[in-house]
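Working notes, structure below.
Every chain is named by a letter (A, B, C, D and E) in the order it is written, and numbering of its residues begins at 1.
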Amino acid sequence: MQLGRITGTVVATRKDENLEGLRFLVVNELSGNMVETGKIVVAADAVGAGVGEVVLYAQGSSARQTIVTKDRPVDATIMAIVDLFEVNGEFRYRKE
Amino acid sequence: MQLGRITGTVVATRKDENLEGLRFLVVNELSGNMVETGKIVVAADAVGAGVGEVVLYAQGSSARQTIVTKDRPVDATIMAIVDLFEVNGEFRYRKE
Amino acid sequence: MQLGRITGTVVATRKDENLEGLRFLVVNELSGNMVETGKIVVAADAVGAGVGEVVLYAQGSSARQTIVTKDRPVDATIMAIVDLFEVNGEFRYRKE
Amino acid sequence: MQLGRITGTVVATRKDENLEGLRFLVVNELSGNMVETGKIVVAADAVGAGVGEVVLYAQGSSARQTIVTKDRPVDATIMAIVDLFEVNGEFRYRKE
Amino acid sequence: MQLGRITGTVVATRKDENLEGLRFLVVNELSGNMVETGKIVVAADAVGAGVGEVVLYAQGSSARQTIVTKDRPVDATIMAIVDLFEVNGEFRYRKE
């Protein structure tokens, strides 16, 4: 999984019918120092995440293993909201 | 998923028979600022998209989860046409 | 899918038995301007392609969805020979 | 698989229910010279690994083939703890 | 598939039980000019390859389609030993 911060949303009314009901969020990938790497991905939301939150997202076929994304044509899914990210014994992120 | 703009088409008459009837479009990947990154992908069209439109495309096995691409040898599929792309509270793209 | 030009062949007699009968071709990835990007991939041939031809190839599990590659350990397959590649209204490639 | 060193942990209480009970570790990818490449991945732990250990991790659908990750939405899993890493006849790493 | 040269081995006694009996080799990716690109991958061996040999390896779910890697958590497998690699009509590699 990669660490990312949610920065936006995508609205699409014309889409494959297997996508009905999914929310699409814009995720900026974060490095191990919690800095944006410049890469973005549009991910389906499986956990009710919101803009500004730090999350984990899964890519590829694993993105279809959550309850809400099963058998749907999505290749990236937010599957967890991060509470704590600790590296080398220091807290790099702590949800308030 | 990644955000892209459709810029062209590919025609191929000699192909695996599991590809019959699919349309192949050229998609230029877009960054979070709606700038072309220089990467292109040739994607199957699952939504009736046209040249110039901003779309979402899925890659890998997820590209085979739409109605029209099921069990076909395609690794990229356009599965949604973007209406609205909003980042950090501002509209970066709005379909007219 | 990516666009590529076939530049060579690979011969391997000692291999997993699920690979028997497959032809392996060397494919140079092409950019949207039909220039080689420097990346190569060795792909199974599902369409009877030959050296010099411009093709589409699929990667990952999608490479196993053609008639000849089903259930075989290949992660890249040439699944179409390109006749026409058109971008921004101009023909970048036309098979003669 | 890639070689990596475990440098931290991620805690997430709000997550897809298919993730319950998994431990998430931060893995820094290592080059063939055992130097960190700068890439990190958050991986599920299938072997009881700890911070500081050198491990192998699998990505993509293969990350779901261990006993503890079957059918779960994870795209990276630590599936082995490295005892010995030998390249060109010299030991680059030996677990103490 | 990618072309690579085997340069080493990895020993791991503590691992997921689905990995029992597999051999792990270090593979250096080769470019089309038979030069190491700097990328390494640790791959399962499906063909009895040895250090120094030039091989083809498959990645992703295709790495699990050989006889010895079926349903195992490996994302890279050596599935062929290269005898001949020919590009633009010249032999870039020929096994002795």
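Everything below uses one rule, namely that a contact is a pair of C-beta atoms (placed from the backbone, for glycine too) under 8 Å apart; a residue touches a chain by one contact, two chains touch by 3 or more.
All values derive from a computational prediction rather than experimental measurement.
Contacts with chain C and chain D are shared by E. Each step here moves to a touching chain, and the least such steps from chain B to chain D number 2. Chain C has its Cα centroid 32 Å from the Cα centroid of chain A.
Chain D and chain E have Cα centroids separated by 20 Å. Residue positions of chain C touching 2 or more other chains, listed in rising order: 60-61, 63-64. Beginning the circuit at chain A and passing next to chain B, one meets the chains round the ring in the sequence A, B, C, E, D. Across the complex, chain C is touched by residues 7-19, 24, 26, 28, 38, 40-43, 60-61, 63-64, 71-76 of chain B. Looking at the complex, you find that chain D touches chain E at residues 1-3, 31-32, 46-48, 56, 58-67, 69, 77, 79-88, 92.
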